[in-house]
Each structure stands twice: as C-alpha cells, then as structure tokens.
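Labels run A, B, C and D following the written order; every chain starts at residue 1.
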C-alpha cells in the first residue's frame, strides 16, 4: 500500500508496450502530473506533441492478460490557472447542411479559479459574458497497453480504454480496464477542468493536473471492455462508431457483468435493464465514439458492496 | 380554456391527415384515454391492431404549418392493473455475435399497483423476485400529422414526433411539435408505466392510461424538430438512424433554439453547449432512433421564464 | 395481355392508398409519362410540386398483400431535350470538415440529345467542357402502396420501394415489389437520363419520360424487400440508414431468396455469396440509403429460367 | 531497378515501425511469400499467430512522410493446394433478428487447382456440389507503418491501408499508400484465392502465396487515404465505420485527386462524379469497413497516362 510520487519527463502519444516509468503494486497510490491535450504543463510550456500526451506507463506487479486493473481516481488538482477549448461545435455533431453557415473555429482561453473552484472564458463573447462554470475535473484519456503488439493513438479508444472523454471519470470514480500485457502498463492524461456530454466542441477545458490514483488488481476477470463505478452507479463503456455499435458493446458488457457478478441470467438482466438502464454519451468527436451503459446500485442485490468487481 | 373529456372509439396506426375526433382551442385541456401498444384498453380488451394505436387526432383551432404545438402533459393515470414487456434485450442493442447464445423472447405480464405507485413482474424469475419498480408514466408515441400528404407509421418517428419512447415525456413535461397541417392534428398513445433509456427490450411496461393534457400554440415558430421542457431543463429531439444522425438533428435544433430565443450566436452557444450539454437516448429499438439534447435552465439567461418558447 | 396508354393529369408525392388512375391485369403493358423530380413535364411546365411527383397509382387486378408485383421496364424515352442536376456533391457524402471550403450549390441545366443518345451540360465549366455522357435512363422512384394506412413520402424509400435511385432500374431490368394493399397500387416517376452510383449530387439528370412497363403477379411470394433481375444478375434491395443496415436488409433478403427459390440452405448460400456476391450502392442522399445485393445468374442452378421468381 | 527475392522467417500482426527485413529502392521489384490469415505457409504449417501475419516490413529508400508509396502487384501465385473459409455469413451482415435461426459457423477447406486456375470446396454441401470458382487472387491486408508511434492491428485498417479486403487489389492493380514513416515500411499478407464483395463470410479463400510486386515513390504527394489504379479505373479507398463514413473518406480523397491531378475544381468534379462514379465495398466484416470510390479512366482527360499520380 505504498504511496508514490512520480514526475514525468517524457510522454507518449500512443498506448502500447512502452518501457514503464514506475513499478507499483496492487493497492499502491500514485501522485503524478499530466500535461494538457496539447502537451502544455503547469507553466503552460509545451513538453510533448499532440494528441493527448500520456504520463506513464505504470507497471503493475502481478498484472497479467485476462486480469482487470482497477483505478480509483482519488483527486485531480489543476496545476495552472488557464485552460483552453475550441470555439465551435465540431462539424460531425451538427447537420452537415448548416456547416457552410457557421463561423470559423478558433482556440480560446479559459481562466481556472482554483480557490473558487470555477472556470470562465478569458475573453467571453458578450452573450456569455457572465458564464461561470464549476470546476468538475475528469480524465479524458487513460487506459492500458492494448496487447498483441499494438500501439494505439491517444486520439482514439477501444477495449483498452483510451480517449473516451467521459465526464464520469472524475475524482471519486473508479475505472476498470481489461489487462492485455504483462504489468498492465497504465497511462493517463488529457485532463479536463469541465466538459459536457459528447465533448462536442472537440475539447473539454484542457489543462494540466496533479492526479492521485490508487490501483487494484482483479485476477482472471476476463472483462471485454472498460467498466466503472461511482458512489451511486456501476457502468460499462463501449468505444466504436457509430454510436449504435458503441452502445451494443457497452450493453453486452453490462449483460455479462450482471450475469457473472450479480447472478442475473439474460432474462432477469433484461427485465432489470429494460426498466432502469441509463445511457451516457462519452465523446462523439474522436475516431471511436463512447457510450456508457449505467445501472444504479440501488437495483443490485449487493448494493452495499463497495464495488461489484471488488466484492 | 375549456376542459374536454373525450372517449375514443377508434384508433390510428399512423400519424396523418385523418378526420379529427375533437376540435380544441389554444389553452384548452383534454382528458382522454389511450390503449396500450397492442391495442388493449382498461379492461385488457383488444380494441385496435398494433403498432401503437393512437387516440385522436385533435384539431387545434388556429394551428397552421410553421406554428408550433405545445402540449403540457398534466397527468397520466394507468387505467388497469397490468402491463406487459418483452423478456429479452432487443437483438439490435447487443453485439450480434452473442445473439445465438441468448434464450427466446416472450411477452410477460407486470402488475401495476396504483395505490403503491409501483410495478412488478407477475411471475418473476427467481433472480429478480424482489424487483419492485416505481410507477413513472411516460408517453411512448405522440405527435402531429407530418404534412405533405404523409401518413407515418406509429412504429417510427420523425420531425413530427411519433414513436420516440423518451422517458422524459411524462407528467409535468412539455412537448412541442412543429405544425405541418391545418389544425395540427395531434395524436397520442403508447403509454408506459415505466421504461429505461433506449426502450431496449423493445417495450416499456405497456399499459392503458387516462391522460390529461393542455395545448398551446406558438405562431410562426419555424421549429425543425420536437422540443420539450421540464422543471429543470429545455431539450430538443432528433429522430433518425444511426444515433449519430439523431444526435446531429437534436444538436442543430438546440443551436437554432439558443440562437433564436436566447440570443446566443453559434460561438456563444458552442461555449455553453460544449461544457454543459447533456444527451439522453430515447429509443434504440424503433426504425428511427431518438436522441435528446438537453440544457439545464440554470445556464440560460431567462431561467425564470416558464418556457423558452412561451416566454 | 392488354396494352394501355395512360396520360396522367395529377401526381402524388407519397406512395399510399390513393384512388387508382387505371386498373390493369397480370400481364398487361402500360405506356405512360412521368414528370421530373421537380414536377416538370415534356414542355418543362411545372405540373406538380416536389418531391418526385408520381404517376399512378395503377391497380393490379388480383394483387393482394403477400403477393409480389413484378414490373418489367420495357422502355424509357425522354420527352424533352433538357434535364437538370445540382452542381455540387451533397454535404453528407464528403468529410464534414471540408464543407466550409466548398462553393455554393446551384441547379444547372443539361442538354439531352435524343438522336445521339447523349447528355451534356448546357453551360459547362471549362474543365468539363467536353464531357458528353451516354443517355442511360433509369427510374429513381417507384414502388407500391406501403400498407397499414401509411403514405410514405417519395423523398424516401422502404420495403415498398420508393426513392431508391438505383441506376440498375433501367430499360430491360425487372423490379419486384412486395404487395401490401389490395390491388398493389403501383406508382412511378423521378426518371433520370443518367446517374452515377449513390446519386451523390442529390440528383441524377432529372427529366420527363415516356415509360413502357409490363406487370406480372407472383402470388403468395412473401418477399420482405424489393428484388430485381437483369439479363445477367438477380438482386435484392435494402433501404435504410446507415448503409450498414441497408446492406443487412439486402443480404438477408438474398439469403431468403436463395433458400426459397434455389434450394440453397444458409451454409450453401453463404459459400456462394461469400465468393461471388456484388454490392451496389443505390443512393446515399435520401433519408433512407439504398444497397443492392447482387448475384450473377451464372452461379445459379437455374440460369436458363427467365426469372427466379417467375420460374 | 533491382529484383529481390525475400523469404520471410518472422511475421507481424501489426503495421508499425518494426525493423525492416529488406531495404529496397524506388523501382525495385520484390518476390516474396505470404502465409495465410491464420499464419499457415505453403506446407500448411502454422508459422505465426492470427490475425493476418504480415511479411515485411520493406524499407523503401528515400521514402519520407508526405510521400506516396506506389505498389504494383505483378503476380500472385498460390503456394499450396488448399485454402479455407468460414461456412456462414458473418453476424453483422444480416438482420440481427435472423441470427438465432442460423446454424453454427465452421472453418471449411477448399481445394485450389493451380493448373485449372479454379477453386472448389473439399467437402461441399450437396446444394453447391458443383460450385467451381475461378482463382482470382487478391491481397486482403497490406499497407505501411501508420506513423506517430502507432502499431495498428492487421485485423483493421485506416489511412495507412491494412485489412481492407478489397477484391480489386489483385495482380495488375496498383495500390498507393500515404507514407508516414521514414522508409515507408511496407507490409503485405492475407492473400485470398477468391473473395466476393464485403468479405461477408469473414474470410476470402485464405491461402499462402508467392507475390511479386514493384514499388515506386511519388514525392510530396500529400495523399490522405490509399488510392489505386487498374487498367480501366482509378480509385480511392476509405476505411471506417459505418460504411457512410468510409464512403465520405473515399469520396473526399477522390475530390482531392481530381482537383490536384486532373484540374477539376469541386463543381467540375461534382458534375463528373455525380454521373459516372462507381462505389465498391471492400469489407463489411473488420472493425473498419472499406468503401472504394472509382472512376473509369475514359472520363479523365489524361486517359493515356499510365497512372494519374505517376503521369
């Protein structure tokens, strides 16, 4: 149950079998930093190229293919007072017919007030002059090496996690990744100070963070896709295009989870999901879109277990 | 501001320019009944064939193409003690590879306890023997005649509304449909006692209802898609496949709404939506899928107006 | 085996249960005219509004739901010397990112040389000044009443046919529609003097035609989707979005056809299709896209039968 | 213009920056061998694991990011007398509803008659007992290192090529890949003795080959996607899901090609493509689907140039 502090000096734009920067054990906690999606650090200095440079990978002792790596996000603290977004909805989230009528997209700056825990535009257009958003940090891109010799761009996502941009992956949440490589090789980065569903301007409010997380291992879990848990819900994550397929992946993973961990045969699980399931949309901007299939713990017979997969 | 009571004696399986059953005025309230998706009434007697037989149409005095018909759902009271669902996830919401491993789908009965305001399976599998759901009624299919001589099946949906199966369309919510025909011609039916996101077993808990609703007209509204409002949110609805396109329609409609009613130019609207938008999934079962684009009223400059489009 | 001449005086923008303009029998031939997609006739006079006004419907004696209506396109003769197209690729067929860089879309005129059997732009841009295309007529939109009280816009398509814009539906080809209404109620229109795959500028070369066709009935056919045949191939047609789903419909219909008419069980049919199937894209512009699943007759055990479903 | 013979001793399941097995120059020809999709060689001995083990990579002297690597497929000779396929349509190419009714999928053997240049099932079901197919070889998976540190599975495809399974990539055809890495790093494998459109049983007739190819470089080409050429056509390739997006990529790349190499501005290119474009479907089985946008050379002003991009 060691606590590690790690200061990265290099970053990765892919998730793959890269040399580990630190070896940690089941139960350990790590405090580290991440640069923003454009590679800028706490001093707004560019330390790495786009897209989404990752801190890591962290080698988790004992992790083997078939296991699951559980990552509890303990804390996310912005390390600077600025963030940035794009100024216009992404072209793929509106009807194509209207695109010629829209203005040009620019990169714009936001001010992060760490005392007030708020975020606002540095130079807001008049119509949103008084827009002050709460600071609600989340991790846009994290996950493990995808195995089979693959090194997958941090622009996209898959079974191994990656650039999912789901706003549910914030402090207090737990993420769980299938392990494909010896040591799991966990990467993280692309922190957002705030983000709506879908990451529909192509960014959250991108900034650098200090992040504290704890890892646990579940042996022989045989998960197919990322999973997660919050105080109130369990959820599964599907990454694909179109959204229809991402939803199929997430729903299938939830069906498996309910069957394996909660003794719900497909018909019982269908009765439950049919009436209580919630779907969230992670991103609809990246090459793979992200759909989350979520069930409130109150509907599960073991609502008092901390985590279905830790129980 | 009259109040009408209307007892239907026939039903429609399309939304189109059918003879009106009642003429009502802007501000009027109607109390009527609906049969379930299979045409069964309060005595569980089949009164009309599938799919989704509609009560109506109601002719709204003064409604003309280009206007918007605002429908406030005042109350939904189940009129019998039973409902039904299918027993298995629909084949299109899971990975196709697993379908051969799933059991057969059946129609199953639910018990609606109108005193306790709960719903439970009549003969539950053991694993969900203690599943008791809250009664949370919603309208699965409603809308107006689609214009241009079209008569569109109540199995699907479009700009005119229809079979959207969005659980947000319950008592207290307001729905708003673009008007395409003289008199609007409003239809409603397919009530659900409960339903999760996506209607992923192919049904909600289907039953018959008494429904009370009030209509209002917004002249020359020029909406493109259904809109809605709850105590906390405004929302727009896109109906299409894949979900990606439904999301484009809903987002574009919200962009137009924010521009026309809230003075947010595309860049200001993008700043807001990028950080606060929420997407809900109506159905992922019908020929057209449904995505809802939602914004909390707290983010709008006129949060005290009852309705953005009534204000 | 009568031959009818029919001159339309009114047109329909939906396929539905409209009053028949003519009653014809199994084996009869009809010679009639169609206006172009914008309703313009042989004198370029607008006779009906958009979209795709239809000639018909023709009531086929003896046709009942469950039958199939076979339509042989005997001849298509343009009735004027001009046609029109849009001047730019439709926004949905290119990457959304490039749309802001493209010029505006206009309607442009083409010259149809009926003697030379060619088509060329009236005022071509310099870069295509010498572009002369062969006159290869096809029917963009035809089909039958969709049943269940539906009246479906000629802008879209479905199981009943409609706006499929498949260039294979030209003279010599046979189309086959599932019958959903008493009398079938056959409509046709939207003739193109030429068209590439996908109708990617949103039109073919739109013009008015004289069309000669012969109908036949296949009783109790129980087809699910339109089918067709040429001198060399049989094919099935799926209409839906995304293309993935249209392809699923067309492939499933072919699997059924090979099973029912050619004694190929699913494994035998898979062996054949896996190695010889061809897919064509009808339109990728309309609300429903069109995919054609095609098999050369040379691979079928009854290659000498005129038509698999007539045999 | 050297001719190299290369016998691989190891294989790759990703396309990435792996150590080159041979350095070749612009204009050189290579004769090498490939194992089948399951790693089996000319003796049917498994030499490498699935999926689609690649021969290579070949380092092309002078190739730099931004260039294009032109690969002429000179010859493909099967190196054994057997191949294999799956026995059933893939679950994603038919309507999901029918999947529970289909039989199980098996791997089946085919006999390749190299003298007769034909292929037939070893133990055919009775209904296809006399099915004899022509030997029409093609390369299922080939391409270059994708750059940015990525190593992309040979199960899928992208801008770098990969598992496109387009039957047009056979002897006589030319493929052209954007270069992302110093030396291009060209890989090839996954040869098919025959395959229909879409690779809809999940395989072509998988076997091992001797392949002869010639490479050429086009400097500073700045292509976005693979391109190709046959005796009669030029074509572009888009790889993505859904097919709609693959078609957008391919069409956009063709628009760019027509603009840059054939002086067709967007409107002139639209006039041409709208009337003459052909779309082919590569695969609809892999994680990314493949659509080919094709134009007959007869429509281009430089039809006598060997290759538009070599001209």
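Structural remarks
Note that in this section a residue touches a chain if its C-beta (ideal position, glycine included) is under 8 Å from a C-beta of that chain, and two chains touch if they have at least 3 such contacts.
Because the structure is predicted, anything quoted here is derived from the model rather than measured.
In this assembly, the chain whose C-alpha centre lies farthest from chain C is A.
The chain pair with the larger count of C-beta pairs in contact, out of B-C and B-D, is B-C.
Chain A and chain B have CA centres that are 32 Å apart. Chain geometry summary: the mean Cα position of chain B and that of chain C are 34 Å apart. Between the CA-based centres of chain B and chain D the separation comes to 47 Å, rounded to the whole angstrom.
Contact with two or more other chains is made by residues 92, 96, 102, 241-242 of chain C. Of all residues in chain A, those touching chain D in their complex are 12-14, 16, 148-153, 240-242, 245, 287. The part of chain D that touches chain C in the complex is made up of residues 85-89, 92-96, 98, 102-103, 108, 119, 121, 124-125, 127-128, 131, 133, 194-201, 203-205, 241-244, 247-249, 251-252, 255, 263-281, 284, 289, 299. Listed in rising order, the residues of chain D touching chain B in the complex are 91-92, 96-97, 99-100, 102, 104, 242.
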